[in-house]
Every structure is written in structure tokens, then in C-alpha cells.
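Note that chain A is present in both complexes that follow, paired respectively with chain B and with chain C.
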Partner chain A sequence: MLKLMGAAMVVAASGLGGLAVAANYSRRPRELKALRSALQMLETEVVYSATPLPEALARVAGKCDRLVEPLFSRAAAEFAASTGITAADAWEKALVHYYPGTALKPQDLSILRSLGSSLGRSDREDQVKHLHLAMEQLKTATAGAEEEAARNIKLWSYLGFLGGLITVLVIY
Partner chain B sequence: MNQTTARLRCRDRAIQEILPVLPDSIRRLVSALPLSIQAKVEEFRIRQGKPLILGLSSGDYFLSPKGQLTSRRQEAYQVTPRDMEQLVELISGSSLYALEEELRNGFITLPGGHRAGITGKAVLDNGRVRTLKYLSGCNIRVSREIKGAATPLLPYLLDGRRGIYHTILISPPRCGKTTMLRDLIRQISNGIEELGFPGVNVGLVDERSEIAGCYKGIPQLDVGIRTDVLDGCPKAQGMMMLVRSMGPGVISADEIGRREDVEAIEEILNAGVKVLVTAHGSSIAELACRPALGQLIQAKWIERIVILGRSRGVGTVEDIIDGKTMRSLGVK
Partner chain C sequence: MGSSIDLIFKIAGVGILVAVLNAILKHAGKEEQGHIVTLAGLAIVFMWVIQLLATLFEQVKSVFRLF
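Then we have the complex of A and B:
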């Protein structure tokens, strides 16, 4: 009886682990999509309303998906917290806080980083170019991430349970 | 004595407001200066690849990398491209795209009413300046609120309890015209108990946001309790708007000179509203030569002409002239 319970626990733990990995794979495309639509909102603020950047970031934070909300609200908060901070610094600080809690990969981070270095530093047309570039890159990344997710989600959700079962068999 | 300390405190505030928009390295140098010197800085001249220059009331000085004033060019701190980049970002609040109108005019108003003039390469659109890019030079003019600056002038400008005379303040740049105008507005708007003056509604057109130092439409500097401010509005249009909408007793504007400004003033005079304006110039003779302004003086519409200079420091009242008789009222 005790053995049976142990075996169930091993299978459950390993299965949940697999599901967690799978969930992580499905999370990245969602985050990338949310980022892209948040940048779309930022573009509207910048181009059509000419809202100053700190305010624009705060507004986007209020409207966007909650998956990416921390990034924008943090960046807006960095602006508010210290006078004499540049957009690149505020964005970088926000990224440092935001990135570890996400399923994003280093290449996604670098897209956001390079966008940060040009935020607010040029006229509208130029800002649009930089935002479009970042959105385009995020789109490509999303396609890749979706493909990867499709492959890996099934794999990991089975792999966890099967791995658990194999372990149980070997120990038995 | 009280007035001096009050003045010093005000000036410190001005520098406190400007420090956050200076690039790191320059901010460090300026904050290392003794407070008494900080309080005397009137202007920062920041040009890429050139020495950093501070304009004080006693003249221009370089700032050494050790944070000391010096008049030797070799010791001066050189402004780096990185400084310039940072400066542009900071004075624009990282929102250069939102400031196209300001760039077209060549300056940005900072919180607190300080003015940052900028130069760079002009981008043209159909022969008109659309915006500036490659910004390479910046001149930050410190705007200081000196309460009581206009007190000596008041007895000459008040027309009993009825209001003020039509007044124009003239001076060359950097002689305290705007500071004087701001305090005049504050006092006539609040009312002056000592002179038994009850206070009038003032309509202020602050085209360059220098007088009231509006930030998001709200005056950051004290312009009195009965003052309505139209911020960032072209003067001629703004003066007419105020006359029609706000029922002011006095209309005020800074640095008039264009023909449409003078035309608007004529309209206001006919509407029975008093005007209180400033213009660039150093003497009446010079003013009279200018096409639009000359007409205003020659027609004897203006009742008081105040000439400011810096013969005894910034904001010295050099003379007050009665616009009707063209005689000095004997203020020397």
C-alpha cells in the first residue's frame, strides 16, 4: 500500500513538472503577443496624441494585458521615482525587474533592450520606425515561439507522466 | 536683510529645478559649486565639444572638471557628445517627439519656467522649419522669481484706484524684464494694501511660458490671485481671446514687436482695457525706429515707458518716461 502511494506520488510529481515546463512553452507566445499589442498602444500614444513618454507608459500599463503590465508600470514608476533619469535607463531598470519572471528568451530581451535605447529620443517618424521594427521582430519571435510551443507542449505533458511511470517501474 | 535671504532661497530653488535636466557629469560639477555662486548663475551655455560656460551676473566663467569657476579656457570642462545626448533627453523629458512645436520655435520651457534654447540642424518642409535634429547647442536661462522686484516702480504706474497706466517695459535681453513683469502682474493682481490699490483682473498671454512658468497649464510661479493665464498662445490672438472671454482690467504679454501684436494692442486700447507689455530695446529712440512699435509710441497711446538696464545690477530701473509728454518722471 505504502509502495503504491509512493509510486503515485512519483508519477504525480513528475507529471506536474512536465506540465509546468509545457505551460512555460505556451506562455512565451502569449507574452510576445501581449508585448506586441502593448507596443501598438504605445505607438498610438506617441504618434497620435504626442503624450510625453512617462505618461504614455503609464497609460499603456493601464490598458495592456496583465502579462506585460509590470514592465510598463515599472518603467513609468522609475520615471516618477527619480528626476533626471533617461528613458533608456528607466526602461532598462524595468526590464531587469520584469524579465526574470517571464518565459521570454534572451533574444526577446534584446529586442526590448534595443527599443529602449531609442525610446523618446527622436521625432515622431523616427519613433514609429523603431516601434515598428520592434513589433516586427516580436512578430517573428512569436511565430517561432508558437511553433516551438506546438512541438513541446505535447511532448512535455506526456514526458512528465511517462518519465514518472518509468521511474516507478525501474524502482519496483 | 530679510529680503536678501528670501531672494537667496528663491534662487536656490531655481537651480534645484534645473539640476535634474543637466547631464550627470555637468550636474555633479554644478552641485559642487558653493551655494552662493549657484544662486548667481543666470545662464548655462552647453555646446558640444566646446567648454561649458556659466553666465553669472558678473560675467561669463568656465567650469573646471574639479567643479571650480575659472576664467582660463585651458582648464575648462569640455562638453562631450554623451553629455549633449543626455541633456537633450532630459530637457525633453524623453519625449522629443512630443515637442515638435517647441523645436520649431527653438526652445523648450522647463518646469519652473526656465527656458532652454536649442540649436541643431533644421529639417525643412516646403521651405519652413519642421523640426530640428542633431541638436548640438543649448542655452538654459534661469528664470528667477524675485518678489518685490517691482515695488519701486508701482507708485509711477498706478492711476489712483482705477487701475494702471498703459505701460511698456523696455530693456535689452538679460536685464530682468520678465522678472519685473511677473512681479508687477503679481502685485497688481493681488492688490497692494500700502498703496490702497484693490487689485484688478489680469489677463496674461504667456506665449513662451516664461512669465507664469506653466506646467501642464498651471502656473508654477506666483502671478497673483486675479490672473488668468493663456499658456503657449500666440500673443495677438491670445490678447483678443482674453479681452472677449475673461473681462480683464489689464492685459499683459511679454516681448511684443510684430505688427499683429501692435494691432491687437490698439484693439485692446479701444476696448478700454489697460495694457502692460514688454519689448526688446534699450532706448525710446531705438524703439521709435521699429516699424510696428514705433507707431505705438508715436501715437502716444502708451502712458508709461519704463527703461530697464543693468547699470546697477540686473533689473535696474534706468528711467520712467511719461508717454504723453515724453518727459522723464525723474527716476534715476
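Then we have the complex of A and C:
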């Protein structure tokens, strides 16, 4: 009886581990898409309503998907917290806070970093160019992430349970 | 006798699970990992079987007094 319970626990643990990995794979494309649409909103704010950057970030935070909301609200909060902070610094601080809780990869982080270094630095046209560049890169990353997700989600959700079953069988 | 029947069932279980894992890995385009899994399954089963073979040889030795 005790043995059966232990076996069930091993299978459940490794199965849930596999499902967690699979969930991570399915999360990355969604986050990339949400980031892209949030940047689209930011572009609208910058170009059409010429909102100052802290306010624009706060507004985007209010409107965008909740997956990326922490990034923008944090950046706006960094602006509000200290006077004289540059947009690049605020963005960087927000990224450092936001990144560990996401399924994003280092290359996605570097896209956002390079956007931050040009944020709020030059005139509108130039900013729009940088936003477009980042959006294009995010689009490419999304395509790659979706392909990866399609291959790996099924694999990992089976792999966890089967790995657990084999472990049980070997040590039973 | 009972323990060796259990062993046969265990070996069958490993065989089934390895076959399923192999199919999934192949479907996901990871043939190399599939081969590794097959080899690992084979090694596990050999470990069990070789223990039985060792007891068989011991018995043969003791029956024919080959000490």
C-alpha cells in the first residue's frame, strides 16, 4: 500500500514537472505577441497623441495584456520614483524586475534591451524607427517560438508521465 | 518462481514504455534522444537479466559440483 502511494507520488511529481515545462513552452509565444501589441500601443501613444514617455508607459500598462503589464507599469513607476532618471535606466530596471518571472529567452531580453537604450532619446520619427525594429524582431522571435512550442509541448507533457512510470518500474 | 514472473512483467513494462517514448521523441524530431532512451532501456533490462543468469550459473556449478 505504502509502495503504491509512493509510486503514485513519483508519477504525479514527474508528470507535473513535464507539464510545467510544456506550459513554459506555450507561454513564450503568447508573451512575445503581447509585447509586440504593447509596443504597437506605445507607438500610437508616441506618434498620434505625443504623450510624454512616463505617461505613455503608464497608459500602455493600463491597456495591454496582463502578461506584459508588469513591465510597463514598473517602468512608469521607476520614472515616478526618482527624478532625473533616464528612460533607458527606467526601462532597464523594469526589465531586470520583469524578466525572471517570464518564459522569455535571453535573445528576447536583448531585443527589449536594445529598444530601451534608444527609448526617449531622440525625436519622434527616430523612436518610431526603433519601435518598428523591435517589433519586427519580436515577430521573427514569435514565429520561432511558435514552431518550437508546437514541437515541444506534446513531447514534454508525455515525457514527464512516461519518465515517472519508468522510474517507478525500475525501482519497484 | 513468483519473482521471475514479476521480472518478466517488469521487462514487458519497460519495453512498452520505451517504445512509446521512442515514438514520441521521433515525432518531435529528436531521433538521437530516442536512440539514447532505447539504449537506456536495454541496459536496465540487461542489468536485471544478468543477475538471473548469474544465479543460473551458480546453480549449474553447485549441481555439477564444479568448485
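The rule we apply is simple: the second predicted complex is superposed on the first by the 172 of 172 C-alpha atoms of A that agree within 3 Å, B and C clash if a C-alpha of one lies under 4 Å from a C-alpha of the other, contacts with A are read in each partner's own complex, and residues count from 1 in each chain.
Please note the rule applied: a residue touches a chain if its C-beta (ideal position, glycine included) is under 8 Å from a C-beta of that chain, and two chains touch if they have at least 3 such contacts.
Note that this is a predicted model, so its numbers are computed, not measured.
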{"item": "Chain A as common anchor, with chain B and chain C clashing or fitting", "value": "fit"}
{"item": "Broader residue contact with chain A after superposition on the shared chain, chain B or chain C", "value": "B"}
{"item": "Touched partner set for A:120, first chain B, second chain C, both or neither", "value": "first"}
{"item": "Partner chain(s) touched by A:87 [first = chain B, second = chain C, both, neither]", "value": "first"}
{"item": "First (chain B), second (chain C), both or neither touched by A:138", "value": "neither"}
{"item": "First, second, both or neither for A:154, with chain B first and chain C second", "value": "second"}
{"item": "Touching partner for A:165 - first (chain B), second (chain C), both, neither", "value": "second"}
{"item": "Partner chain(s) touched by A:111 [first = chain B, second = chain C, both, neither]", "value": "neither"}
{"item": "First, second, both or neither for A:39, with chain B first and chain C second", "value": "neither"}
{"item": "Which of chain B and chain C A:50 touches, first, second, both or neither", "value": "first"}
{"item": "Minimum distance between Cα atoms of chain B and chain C in the superposition (Å)", "value": "47"}
{"item": "Residues of chain A that lie at the interface with chain B and also at the interface with chain C", "value": "none"}
{"item": "Of all residues in chain C, those that touch chain A in their complex", "value": "10, 13-14, 17-18, 20-21, 24-25, 27-30, 41, 44"}
{"item": "Residue numbers on chain A that touch chain C, as the complex places them", "value": "151-152, 154-155, 158-159, 162, 165-166, 169-170, 172"}
{"item": "For the chain A and chain B complex, residues of the former touching the latter", "value": "46-47, 50-54, 56, 79, 83-84, 86-88, 90, 119-124, 126-127"}
{"item": "Complex contacts: residues of chain B adjacent to chain A", "value": "19-22, 24, 27, 85-86, 88-90, 92-98, 100, 123, 131, 133"}
